[in-house]
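The structure under discussion appears below in the form of structure tokens.
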Amino acid sequence: MQAKLGVAVVGVGMLGRRHAENLRRHVPEAQLLAVCDSSRSRSLEVAADLEVEQATDRLEEILDRKDIQAVVIATPSKFHAEQIEALARAGKHIFCEKPLALSLAQADLALAAVGAAGVQLQIGFMRRYDPGYAAAFRRIEAGEIGEPVIFKSVGRDRQPPPVSFFEGGVNGTLFSDAAIHDFDLARWMMSDEVGAVHAYAGVLACPELARFDDVDAALVNLRFARGGIGNIETFRKSSYGYDIRTEILGTRGAVQVGYLQQTPFQVLTSTGIAHDVVEHWLVRFADAYLAELRDFVRSIRSDAPVRVNGKDGRQALAVALAAEQSYRQAGPVALD
Amino acid sequence: MQAKLGVAVVGVGMLGRRHAENLRRHVPEAQLLAVCDSSRSRSLEVAADLEVEQATDRLEEILDRKDIQAVVIATPSKFHAEQIEALARAGKHIFCEKPLALSLAQADLALAAVGAAGVQLQIGFMRRYDPGYAAAFRRIEAGEIGEPVIFKSVGRDRQPPPVSFFEGGVNGTLFSDAAIHDFDLARWMMSDEVGAVHAYAGVLACPELARFDDVDAALVNLRFARGGIGNIETFRKSSYGYDIRTEILGTRGAVQVGYLQQTPFQVLTSTGIAHDVVEHWLVRFADAYLAELRDFVRSIRSDAPVRVNGKDGRQALAVALAAEQSYRQAGPVALD
Amino acid sequence: MQAKLGVAVVGVGMLGRRHAENLRRHVPEAQLLAVCDSSRSRSLEVAADLEVEQATDRLEEILDRKDIQAVVIATPSKFHAEQIEALARAGKHIFCEKPLALSLAQADLALAAVGAAGVQLQIGFMRRYDPGYAAAFRRIEAGEIGEPVIFKSVGRDRQPPPVSFFEGGVNGTLFSDAAIHDFDLARWMMSDEVGAVHAYAGVLACPELARFDDVDAALVNLRFARGGIGNIETFRKSSYGYDIRTEILGTRGAVQVGYLQQTPFQVLTSTGIAHDVVEHWLVRFADAYLAELRDFVRSIRSDAPVRVNGKDGRQALAVALAAEQSYRQAGPVALD
Amino acid sequence: MQAKLGVAVVGVGMLGRRHAENLRRHVPEAQLLAVCDSSRSRSLEVAADLEVEQATDRLEEILDRKDIQAVVIATPSKFHAEQIEALARAGKHIFCEKPLALSLAQADLALAAVGAAGVQLQIGFMRRYDPGYAAAFRRIEAGEIGEPVIFKSVGRDRQPPPVSFFEGGVNGTLFSDAAIHDFDLARWMMSDEVGAVHAYAGVLACPELARFDDVDAALVNLRFARGGIGNIETFRKSSYGYDIRTEILGTRGAVQVGYLQQTPFQVLTSTGIAHDVVEHWLVRFADAYLAELRDFVRSIRSDAPVRVNGKDGRQALAVALAAEQSYRQAGPVALD
């Protein structure tokens, strides 16, 4: 049997830590050799909790280890592109959280480095690995709804991330940080490219975001290259829970993905029937986060192309940036 | 075209009044000629509201009118059997609310009178006319679930009727007044007869019913003649709403009938998702109450046999009485 | 007691006939005195079925009857404005189906005539009378979701109307015929005016509509005057059923209106769980169509202002026309 | 920090293997030192897959290891009691799958051995650890539904276990193998003891079970000591999926636990809306199986009493045996 794939995780905040746990405990074909974080104490803590041998705050230490063949990037978005470049040059295969970059120029530099190094790059669009989305895509591919013509998606967080998340714009904006999941779904599920977008957006529920020149709500109209149309809603503060729903309408039917209730339990009293709602994306997509890493490790070990590649990362980013531009210019924006 | 069917309604409390309204406004093939109620003022009020020519508190006046060919009985249950006898002897076709009678002896006398007079008798098991129950029955008949083997039904009122409803036992008990709907469903949907029953019951939520020697909750286990089994729950006070649900399990699948939400609307806040529940049987079965009357009028006018006949009334009553006996004797009871 | 309100219905196609039935059978304060339709045979048939004394194909006969105080218009949209003018000049109160007109110029002439005559005009936005929408609005007004900031609505017909419906453009376009319901909801439920719109649209599922210069699918982004945003989807052919759903998100929660299942019944087999879907708008909004007429009759008889007036009709039309313009010009359109 | 708890798993069929996986990967406070199975090859395979040092087919090897402080029993039911006795005598804490035993005599011997040895015994009623059941119990305890008075539960397997499962009666009957989960829920959620039962049962859908003197369907009526009533349905072959639902009705409201849909995805076409159903109990209760082991390990390490103890195992067994007796004797059976 082939040896395990040596892996490191760079950036072990909430999501990076989850990736590290998944690699350590649930992906037996991988061996988690190191964790790296700009906060040395955080990397030490995660390494201790997960019994990982190396903890560091210096990416160079990761680059230098020959036994690390693949690296998971879960740092703030601003650093993705340059870290991809460095890791690619060091010959590492890369799994990078969305977005690929914060500008198309950065994205193209990163992709060039990946191409030159002959390594693979997978982008963390985990929804493609969710059982619901996967089932929907299979049914569309099987022709059950005819030709898909309308794409609708809703992404609502219960609460925005803490204010620190928005400091310095290191995580992009609502468009490149949150709506980008739906832009990827749009391309993937419609098997088409987005040709033009129009966005209305604003600071509607979280006034504390205004000073970051970001928005908390956006509605993005889409026109696809082959004529289909779509709309994406992204909202930072639904108050009632985490709500991710997608519909694709075809010429002969539709598919719907999503659910609201987290606990299989409801109370029925004289004031009505009440149940809870999914709280958080780490709960809703727990299985998907694991499945994407397993698939990545399997692809790298078997020398097969990854399923969600650098171009997918670039195209979703292009839509996100066009949507933001549309909002700022108050007019539709065409993509190449 | 044939003349309209001349009809009278006897007993215009909540349900009889609804029957009268339906006949007056929604059954064009019928002409509502008279309403009769032991309360003269109530019959006058209903006649005025619905623009009916005759209001009376004397059944004889109904019996004497030759232009009244059919009569709807919606009086307290205690009077059903004797009124059926009188009306049958007068040559009237009869639509009688459930139960047919409060004892099998009464029931048999009433059926004998109906038979002797050559009139028709339909029993008001309106659920058979509900779109959901009707659809379920069609699917079972079509063999979609294989052979039906388990029958489950739940019947919950939000609140019990007012205490006056229980005075003198004129409306029977929980078994003959409420559970009897499910006993009829059991026979009809399983296309089988109930062979034995076992009941646990008690006064669990409405202590005011104890003095009437009635119960507010019952669970009745059923064994069908061909080997199937079933259970019926009847509860006078669910607090959260009117909840009627039935499942039939077959050797290859199942059907479910029922719903909870009345208004197509829900509120989503940080405390969860909440919606309302159906309030009342006149809301849940509004269409069924109309459909059964239309079917009755159509059957009589076309001289076709009614769909829910006197035997159906008798058999459901037999199960109800056996269930009550089981509860009182603390042991299972076999039916003939 | 005051005499009944004398009413006529002009245009007795599918919907006008329903209005006539409702007036004849379910609105006791009204007396349906005449029906009028450009097809004389159709007016005769409806009059016979409903036992209405007068059937005509000449509007003048309606105008001339002094005992007709109010008229319901359910003709093709193209004729609404001129018929309103004529009826207003004859002193009739008017209930007019949507849209008020097919151009703002026509709309303004009609409203001027109404104003000059001192009669009342109600527009048939029946969704405001649906129990679900009404409940949602009350909860929003009560502040349960905080300030409403995002409006989302979906309107899907199972199949487009027959091709004859589109001939000559007498019924407007997807925007003024169908989406206009959602534009009215947007104004009403957000208690705000639409300030700008952007639309993508196309012929995506019904190629037979292309020759009418109409579309079968549209996504309209909305910006409200006070800063809120919204999106409306309108689709002529969902294939699976009639699907009307609306969500309003506020700063503290959300409300949802809508449902899919028509019959309270589902089949469970080894291939999954399946249920049906609402078939048609006359089924989904049966109660609302009745409630709006009752309210209209009540308002006229009590000399109270109608709840959905001419200005509501004009503003929804303005949004519809702007959305169509946006689609045709490929850019956002601001409203006054 | 205290050392990890040394654990072995005895019986590594489908469920025992899951317990071993959970201990190995998801319960960091435990160290899985050995697996034991009457099939030596199976124990070797599981040990290899999970990287467990010792694999054996001799329980004595487990008994002899001093570093094994706790043992999980997941063998066929027939062996539970004697294995508990042996393990208790060897001073091991025990987590035993349901049922505790196949007779009350065996159960009492096992409990006596546990008591004499001063070890702890937890029974695998994992539903108590399901988020839905746990939430329901908390709400009942908090008084939200008033006093609980009616207990209803449904347990349906999609398909019966393979015929080999029934050979020799080593796994008990429908009552002691399957319905016992609901008998435990009944005691726990009602905070009461079952005082009497009545059962109808039969071979209704799986004729291959007849030769084992077992049944595939049962409806068990319950009477609780304090007067409440209940009914439990158990069915081996629902065909459409795994369906576990429980309702508790109180004097002021109700709670419901359970769900049908597994994948958050549905297809909508002209034939209706369809979704899937949970397939299997290892899917439905995956989290609960893990949570119960974590709780067991935590209790043992902290020397706290386990949450589901030997008496719970005995009482549920007593109800199961009484239900079976009721079915065989065709009459109600009282419990002590």
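Letters A, B, C and D name the chains as they come in the text, with residue numbers starting at 1 for each one.
Heads up, the rule we're going with is that a residue touches a chain if its C-beta (ideal position, glycine included) is under 8 Å from a C-beta of that chain, and two chains touch if they have at least 3 such contacts.
Small disclaimer: the values here were computed from a predicted structure and weren't measured.
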**Request:** Average the CA atoms of each chain to get its centre, and name the chain whose centre is farthest from that of subunit A.
**Result:** B
**Request:** Report which of A-D and A-B is connected by more C-beta pairs in contact.
**Result:** A-D
**Gap in Å, rounded to a whole number, between the CA centres of subunit D and subunit A** = 39
**Prompt:** Per the centroid of Cα atoms for each chain, what is the distance between subunit A and subunit B, given in Å?
**Reply:** 57
**Request:** Could you tell me which residues belong to subunit D and also touch two or more other chains?
**Result:** 145, 238-240, 252-254, 261, 268-270, 276
**Item:** subunit A-touching residues of subunit B, taken from the complex the two chains share
**Value:** 238-241, 260-261, 268-277
**Request:** Can you check the complex and tell me which residues of subunit C touch subunit A?
**Result:** 145-146, 149-150, 152, 154, 156, 196, 198-202, 204-205, 217-219, 221-223, 227-231, 233, 235, 237-240, 249-254, 330-332
**Asked** Across the complex, what residues on subunit B touch subunit C?
**Response** 25-26, 130-133, 135-136, 139, 144-145, 252-259, 261-270, 276
